Every structure is written in structure tokens, then in C-alpha cells.
Amino acid sequence: GPTLDRVTKTGTMVQVMDQSYPPFSFLNDKNEMDGFDAEVAKEVAKRLGVTLKIETPAWEVITAGNWKGRWDICICSMTPSKQRGEVLDFVTIYYNTPGALVVSADDKTTTSMKDLNGKKVGAQSGTPYEEYLNKAMHPEDGSVVKYPFEAVTVTPFASEDLAFQDLALGGGKRLDGIVGNLITIQPRITQTPDKFRVVDANLFADPNAIAVDKGDPEWKAKVASVIDDMRKDGTLSKISMKWIGADIIAK
Amino acid sequence: MSFKGKVFLVWMLLAACFAAFVASFDLKLSLIAEKLPFLLGLHLTPNGFIQGLPLTLFLCLAAMVFSTILGFLAALGRLSGNPLAYGLATFYTSFFRGTPLLVQLMLIYLGLPQLGPVPGAVPAGIIALSLCYGAYISEIFRAGIQAVPNGQREAAAALGLPRWLVMYKVILPQALKLIVPPLGAQFISMLKDSSLVSMVGLWEIMFLAQSYGRSSYRYMEMLLTAAVLYWLLSIVFEAIQARIEARFPQGRH
Amino acid sequence: MSTAPLAADKPEMLRLEGVHKHFGSHHVLRNVSLSVRQGDKVVLCGPSGSGKSTLIRCINRLVSHDQGRVLVEGIEVSDHARDLELIRRDVGMVFQQFNLFPHLTILENCTLAPTWARKMGKKDAEALALSLLERVHIPDQAHKYPPQLSGGQQQRAAIARALCMKPKVMLFDEPTSALDPEMVKEVLDVMTELAAEGMTMICVTHEMGFARKVADQVVFMDKGEIVEEAPPEEFFTAPRNERTRQFLCQILSHE
Amino acid sequence: MSFKGKVFLVWMLLAACFAAFVASFDLKLSLIAEKLPFLLGLHLTPNGFIQGLPLTLFLCLAAMVFSTILGFLAALGRLSGNPLAYGLATFYTSFFRGTPLLVQLMLIYLGLPQLGPVPGAVPAGIIALSLCYGAYISEIFRAGIQAVPNGQREAAAALGLPRWLVMYKVILPQALKLIVPPLGAQFISMLKDSSLVSMVGLWEIMFLAQSYGRSSYRYMEMLLTAAVLYWLLSIVFEAIQARIEARFPQGRH
Amino acid sequence: MSTAPLAADKPEMLRLEGVHKHFGSHHVLRNVSLSVRQGDKVVLCGPSGSGKSTLIRCINRLVSHDQGRVLVEGIEVSDHARDLELIRRDVGMVFQQFNLFPHLTILENCTLAPTWARKMGKKDAEALALSLLERVHIPDQAHKYPPQLSGGQQQRAAIARALCMKPKVMLFDEPTSALDPEMVKEVLDVMTELAAEGMTMICVTHEMGFARKVADQVVFMDKGEIVEEAPPEEFFTAPRNERTRQFLCQILSHE
């Protein structure tokens, strides 16, 4: 297919990822994209024998599909869904992560999602966490998600940072809770102690997949086999241990 | 055929070209039809607040009023011989013209709570838009006021009118003719910049378009819908501006 | 038998004593002294840039002088805001460029100052304005906007506007030099009538016919100084100063 | 003390107030010190491309050139009696003034490939900025050209000069005096709007500031740093503009 | 013995035949016909708004006429761009407001058209310009910008600029009415010299002294029509038309 041809011809694989989704992707002290996703991408490139180039357009631009040869692969923590499947191909699910509920540290009463009925709960817009709060998840595998609450006031944010800044003002001031990826939340809580508290660390399992542009089954197969190798020989788990401190790799 | 008729034809032709270009994206029109009522604000948010187009309009109208007042005051400051007024006005305009609206919004939304008051999203958005555009508008007022021929000021002063009255009855009414066109242009800019306040969680047009676009993975459809709404709004704004301009007496001696 | 009293008997309206004015380093008025009694008509002439406008603007402080004293009815003109507004209400001014307010009708132009600065009722102000518009022969233009009038009509409206404040002195700064030649006469006629009614007037003009007919005193300025000051007969027939002679020769030669 | 001196004092006082306000955020200054070299673009990106301030400047300078050319041509169209030129120019300005820059950028970056050419991020950013600002600038040129007294055009025509020469030698040089100040204001706006092109993955000032801010969980520090950089840039732009303005002959008869 | 040939012997320079012009519904020129022979000096006068400016602007098509024909040296004036540029190079024009290019020095004002439209070398154009600035008595102003000059100097520079194109006809549209009175003479003097040298001239002016001295023919317009056309002696002493008489009375009365 065209993508594989291009990668072979130019000897470079262009990886596209979110500019800032620590610890999966972020700009490190050397001003290079780094993190779990970046390292997986490096390893994939190494095994393919090509050089890696990373680009970081906005998430909307990545997920709009129709890459037109701009990018070859997206190892970028994308949750597969039926609708996304219409514009992108998913190679394989490479890790799972739990969705978590966070409240302000001064909020001593909330013990589960149920307690937030009718209250303001934030999530990053366009993520499975927002869909969860809207009770509108459509997992690609057709599994059914349980929602242990009636209805909350969903407050979507363009970036999670702002949601956390709002919650940091104190529970109920602007926000009562946030639902997000436990793994991205964890470092934030360590960085700003005494501000937040994780209430429920396992709301639902959020699968994350590697995506490629449509129309190149050979490339898809090739990437799948490389990832499979990395999974089998424990490379993925090692990377996971390095960045996350736990093995979250999907078996 | 008249000139106007020909121009209209050219417009239709270009609009058709644009439509053909857009059609090449293979858009899912059903999605647009489904989401349009929300963008138009025909329903309230789950909180019972206005959303979409009415919210955008509300934010802009409020910010228009405040930014015009601010801009006028800052213009007086810049024209004043008082170093305090002049310094305040120039510092204000320099800062708010020189820094991105996004940063200003964040300073107000996240910074003000450090000092005590916790502004809600709507006030924060209106304050940020007003402060930012007030800085631009002050320049418009300054230029408009200065363009009124000095003879007008002198004639009014020679009649023994006090200074505020000269400004209010003689200078401002004449300056308006020069002020209205660029002011209208600023308001059209503001219309689009108001989308930035979606940052703080206001469900205006762009916010809804982006969240629907993200959740349905049909980003282009929603963006284009938003674009058409903004375009229509700005055409309406321009028409209102043209009407106001037409009411000014034409001649000047 | 009622004859006009001798000039020397009438009270002094205006007095300039050793007035100097600089614009930056440019010395525009040099030790100018002048006294104008009630009912006097003074014509001020001189080459362009000689300081005529500056001089009459010092009287109502559209220009502030650097040195010397300017007195209107014995009150010294200074920056004191309240005093200044009061003095300006007693001193009417007519400009070369008319300076009517183009966004107001002629009537509104005339009633603006009386209603706001003289606190006159709207009705009274309008009645007064209409009577003065009649006096300058344009009562039928009251509801038009200035740009709709000819130059001569505009200038007469400007005179009416100034008269609406019932001033005690009128200052004219080249009131006819922006006019088409057929309109010069209608404005000069109004000014002549005003003079005949006894108004105190200081008038910058190059209309020497008017000066001959109306002025009590012609003042010639050059380079910021008053060079010659004489009644018109003397001024035109026997100018004492060489500069005056030259000037008169230049402006009268092509008539 | 002179007026200027007093104004300077007022500015210093206000700057101190602002600094005190900012200090209340409990900022981590070491982080700013660490990231500033990157924001200033002292290093290249891992891809070997410029980043930060130099990239912002490069994008703006390129867009300035193209938007000025576009704006001039569109102004000629709007002043033209040809219905095709007039229609094209008005359609162009209406669309690009009426819709958000974000949408325009997406149409170019994601839409153009549908027609064939696949623009890179830098060209797409420059094209979008140029088209958008060209629409605003056309209005500035139109107003500037129209403000040159008609007598100038007539005098030049009466000498038998061809029309292009009248525009080039007589009208434009005089219009520039009126064009430069609002043009400078537009360029300062552009400076800040250029941050939008981070959408297509360009590492300009705002992109870096936001990335660093998010990954270090210190959003305010980075935003403020970016704000100060933009502010300084716009002060430099204003100074250049003032210099150019000062070179125009003062008087007009 | 070389005497000036009789007017009738000289070739015709300009000819207007039944020219009409409307601005919207306003009929500004009504069936105007006029013939000007080489060396003729025509003075055009009439009240404001009578169509004088419109008439002379039709000659170099700054205004396009609706009906009738305008011929310059036998060539009909039309919208044909190339012809028009050629005609305009032969017809110089001087405006009331001078219309010098304020961003160019006086010398550059004078050399712009010769270098670009006559393709003259820069050196030649400058030499020509300097000689003409000498002729209008302002050679020392060549390197100044227009706003630095007095009104009279500016107008003379504008005359020199027009002469630099070596025109065969000169059109003057109230060249002295925006001038201070002391400067009127210096401009009229230059125009008189130009007339003496045999230039064909059409001159809108209200300077009746000039008309008496220089004109071969005085044309009086009113409401878009040519009402009277006569040599100056006849025009001033025995105007046939009532409207002419009124006009003369108005503009001569205050001199």
C-alpha cells in the first residue's frame, strides 16, 4: 500500500501524536517529544529499520483522518470507537487504562460517582471520559459499559489543565469532580499535593490503540506484527514499567 | 444588466465554487441537520443556560457596550495632558493590545481568584473581551476625536461652552462618522474572538461545534457549520453598521 | 439732540498691554498694546503671518499669551476656567472657515450656546435665534444643515450664532476671504448693519472698501508688531510707514 | 519633572502593581528560566526546524508580505468599476473577514488536499494568515487610497500620466501615511493570531508555552512568559511603525 | 513688419459643439458651444455653480460630456485611453487648490510628467523645470516641498509644472481665489507674462482687472448656459444681458 511504500522509500516513519499528554507524550527537558508513546514509536521505527520523525498537530487534525501521506502512524493513546473507525484504521490495542474520578482534597463526603448526581463533573472534550459522563460510550468491541450514576452536569474542557485549575479552587466553587485517565492524573496529584483526591480508580477500562490511515492493509499488518513482537518479548511491558510504574499493556 | 446585478452574479458563481469545494469533502449532512438546532441555541444547556448562537451574541453585545465605554475613557486619557491619566491609558492599551486574549482570559479566570473574587465563566469572558477590545477601540476613538477639525473645538469654546459639553455636543457627534466603520470592524473581529471564551467552558458556537466535531469525529462538518453561522452573523453586523452609517449627514463643508 | 458721544467719553471694552506670544522659538506677537472703547470699530490688516489672527485669539484666549496683560471690560483674561467661560460669552467670534457645527441645523447651531451656557429656555432661545437669523437675512434657512447653504449664507449664520449670546464685542477673523466673490457683499452688508447698530467690533479683513466705510481705526501689523494705527482717511491717503505703503500698493493694485 | 518623566513613573508604578499581582500566583521562576531558551528559539527542534520566537516571527513576516500584496489587490478590486473584479474582491473580503481564522486554517490544511496539493504546516499557516489578514488590510488600503484628495488624481491625470503611474507615483505614496498606522495595528494582531497555527503542529511561542505548561503542570508560568514575549514583540513592532511614520513628511497643504 | 495676424487667420485650437452635461438629474451644461483659436485668451466668469469648472474640465475630460462634441486641435476628445493621454499632454491645467503633489519637491513635481509621459531624460527634464521655475520667479524654491511654500509660490509652481509638458493650451480654474490678497498679484503677473508670450489660455477668474487687461474675449455663464460672449471693453461697459449686468454689479460693488 501507499504508506508502506513511502516508509520504505524515504526510510522515515512519521509518527503523529498529541503535543502534551504526560506521561504518554510531552516535551521533555531537551525539548524533544518523549514519554510512553514516543518511546514505543522509537522502538517500532528501530525494528522497521527507519528513522523516526514526530509531528504534533492538534488532536482534531489527527482524528479528522484523511492524512494524505502527511503521517504514517499514530501511536498516540487513541481510544478506538465505531465512529473513529470510519476515518482511521486501528492496528491493535496496545494498552488499557482505567478511568478515574477525582475530587478536591477538601471534599470529604464524596465516595463514588453516585454522590455527584446533578453536580458539575469535568472531562476533556472529545475523550471517552466525556462520553462516559454523557452515558454515550460505544466501545469498538460492543461490550456494555455500566454507569453507576443517574445524571451529572457534564462540563467539558478543551484541556484537562483548566479543569484541574478550576477544581483546585475547592470543591463546588466551579467544579465538583473530574473524570479522566488515572495514569495522566497520577503525576498531576504528585506534583500538586493536598489539592486532589482520587475517589474511584477504576470506573471503566479504556482501551488505547495504534491508528493508521485507511487504505493500506500491508502497512497495518506490518505494524501489527512489530507490536506483537514487542509485546511477546516484553519490550512494551518494560516501557510501561519505565513511564507508568506498572504494566498496563493489553495482552 | 446593472453593475449590482453583475456583481450579484459573480457572487453567486463564487458561492457555487465554494459549495463545490466543500462538497468535495464528502460531508455527512445528516449530522449537520441534527446538530444545527443546538448551534442555533434553540435548546437550553442541561444547566438551563443559553448556548450556541444566542450565547455568542449575548457575550458580544455585553462586551461591545463595556469595550466602547472603556475605549472612550482610554481615548480621553490618551488625549489628556494629565500624566496619570495618560500613563494609565497608554499602559492599559499597550498591555491589552500586546498580549494574546487567551492569556488575558486566563489571568482573569484563574488569576483573579488569587485576589479573592471568583468570577464565573460568563463574567470572566465578558471582562476579558471588553478589556482586550477596549484597548483597540481606544485607538479608534482617539483618531476619530482628533480628526474633528480644530475649528469646531475653537468655535464651541469661543461660545463659552464648558469642555465636557464641547465633547458631548460638538466633537463626539462628528467623530462618530469616522468611528463607526472601524468600530464595526472591531465588533466583527470580536464576534469570532468570542470563541476563545469556550476555553472557560462557555457553550458558544465554536465550543459546541468543536465538541460535536470531536465526539462524532466529523470535525469538518461542524467547523463549516460554525463558519457559516459566523459569516451570517457578520453579514448582519455589517448591514446594521451600514444602516447606522447611512444615518449620518453626508456633507461636510 | 442725541449725537454719538465722543470716543474718549465711552468706557473701555478691551485693553492689551505689552502682549508677547511665542510659538516655540517663533516670536509671533511683539509688545502689542491696543485699547478699544465701547462702540469702536477696529479693522486689523497686514500681510499673511503677521500675527493678526493670533492677536484677536488672545482676546478670548483661544491662544494664551506669554507676557503682558489682556483685559476685557477690566477683567484680566487668564486660565481660570469659570472666568474664561464668562468672558467668552461676552466676546463673539466669527471665523474665516465659518466653523458651523455641520451635524446641527442652523437653528440648533444658534440655540446650543444660549440654552447650555446662558441657561435660556428652549422656546426663548429659538425665538431669539429666529429673530437674529432674520437680522442676517436668512430666516428661511433655519432648518437646513450648514453644508446645504452657500458660503455667504453659512457665514451669516455664523454671525447670527455669535450674536445669540448677546456679546458686547465681536471679533471677525477674515470673515469673507473664504467666500465666492458674489457672496462677499452680502456678508459685508450684514457687518455694516451691525456696525451701524453700535456693536464694538474688531475685524481682520482685506476688504479695504469696508475698512474705509466702517472703521473708526485701521491697525496695520507686520511681523508681530503694530506698525501703524490711524483713522481710515489718514491710513489710506497718507500712510506714514513704508511697510504700510508697500502692503497697500500690493493689495490695491489688481482691483 | 517633565511630562514624559511623569508618565514613565506612572508606567513603572503600574508595572510594579502588575508584577505584584503576578507574584501572588506563587510562580516557579526556575521553570521559566529553564524553558525560556526554548521559547526564545535558541535551539532547533528535534526535526531540525526553527521554533519559538523565530518561528513566530518568520510566519508573521512572510504573512505580512503576502497579506499586504493581497490586501492591495483586493482594494483595487473594490475600487474598480469592473463587476468581476469588484465581485471577487468583495466576496473574498466578506468570507475571510466573516469566518474564524481557525476554520480558514482547517479548510486550507485539511481541505486543499481534497483538490490535490497537500500543503505542509508552514505554507498552510502562512497562506491562512495571509488570506485572513489580506481581507482586513484591503479595507485599510481602500480607505487610504480614497482619502487622497481627488484633486491629486485630477492633477496627475491632467498631466497625461497613465493610470498605473498615477497610482504608483502619486496616490500610493500619499495614501501610505494613512495606511501605515492601521497596518501596524493589524500586524500586531497577526503576531498574536499566529499562535493559532500551532493547530497544524508548528512549534511557535504559544505551542511551546502550552506544551511546557501542561507537562510541568505549571500552566500560568508558561502563559505569562509567552505573554511577556508577545508584549515585547509588539512593543518592538510599534517602535518600528513609529519610525516609519516619522519618515513621512509632516505637512499637507 | 511683423504684426500679430488677425484672430480669424489663426488655426482653431479648441472647439465645443452643443455640449451637454448632467450630474444625475442636474443639468449642468446646456448646449454650450465655443471656439478658441491659437493665441486666444478667453476669460470665463459667472456665478458659483454656473458650470464654469465643468466646462473647462470637459476639455481635458476630467469630466465626460453627455452630448455634443469637444475637439482639441481637431481631434475629438473621447474615452480612448491613448488618445486621451496625448490630448492631456497638450492641454495644461492649473487648479484653484494648486494640487501640487505634497510628497514631492517642487522640482520633482515639475519633472514627473516630462520624464514618464514625454520620456524625457532626467537631466533634460530638470533643466527644463529649472528654466520654467525661473520664468515664474521661484527658481530658489526648487528643492522645497509644497507645504513649505506660500500660496502664491505654490500656484506659480503649479503653473511651471503644467508648462513643463510644453502644452499648447492652458486651462486655469480660479487660480487666485484660494490665495491671500497680497499673493494674488504675483500669480496674475505670471499669467499676464504667459499671455504676452502668446499662449492660448482659457481662464476662469473673477479678477476683472486681469480680464480687462489680458482677455481677447470674456464669456459669461449662468445656469449652464453661455449667456454673453464679448471682447472686454464691450463686456464691461455695455453688457447686453440683464443677468450679466447684475453679476458685474455684485462683484464690482465692494472693490
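Odds and ends about this structure:
Order as written gives the chain letters A, B, C, D and E; numbering starts at 1 within each chain.
The criterion applied here is as follows: a residue touches a chain if its C-beta (ideal position, glycine included) is under 8 Å from a C-beta of that chain, and two chains touch if they have at least 3 such contacts.
Everything numeric in this text was worked out from a predicted model, so none of it was measured.
Chains that count as touching both subunit B and subunit D, per the definition above, are A.
Counted as hops between touching chains, the shortest connection from subunit B to subunit E is 2. The chain pair with the larger count of C-beta pairs in contact, out of A-B and D-E, is D-E.
In whole angstrom, the spacing between the mean C-alpha positions of subunit A and subunit C is 83. If each chain is reduced to the centroid of its CA atoms, subunit A and subunit E end up 82 Å from each other. Between subunit B and subunit C the centroid-to-centroid distance comes to 48 Å (mean Cα coordinates, whole Å). The centroid of the Cα atoms in subunit C and the matching centroid in subunit E are 36 Å apart. The set of subunit A residues touching two or more other chains comprises 60-61, 64, 162, 165. Looking at subunit D, one finds that residues 106, 110, 114, 219 touch two or more other chains. Touching chain pairs in this entry, ordered by label, are A-B, A-D, B-C, B-D, C-E, D-E.
Residues 60, 62, 81, 85-89, 91-93, 95, 97-103, 112-113, 116-117, 145-148, 154, 158, 161-162, 165 of subunit E are the ones that touch subunit D when the two sit in their complex.
Chain contact summary for the complex, subunit A toward subunit B: residues 59-61, 63-65, 81, 83-84, 86-87, 125-126, 130-131, 136, 151, 153-158, 162, 165, 169, 173-174. Contact residues on subunit D toward subunit B in their complex (touch as defined above): 3, 6-11, 14-15, 18, 21-22, 24-25, 81, 83-84, 86-88, 90-91, 94-95, 97-103, 106-107, 110-111, 114-115, 136, 139, 182, 185, 188-189, 192, 195, 206, 219-220, 223-224, 226-227, 230-231, 233-235, 238. On the subunit B side of its complex with subunit A, the touching residues are 46-47, 110, 113, 118, 120-121, 198-201, 207, 210-211, 213-220. Those residues of subunit E that touch subunit C in the complex are listed here as 47-48, 150-151, 177, 180-185, 188, 206-207, 209-210, 247, 250-251, 253-255.
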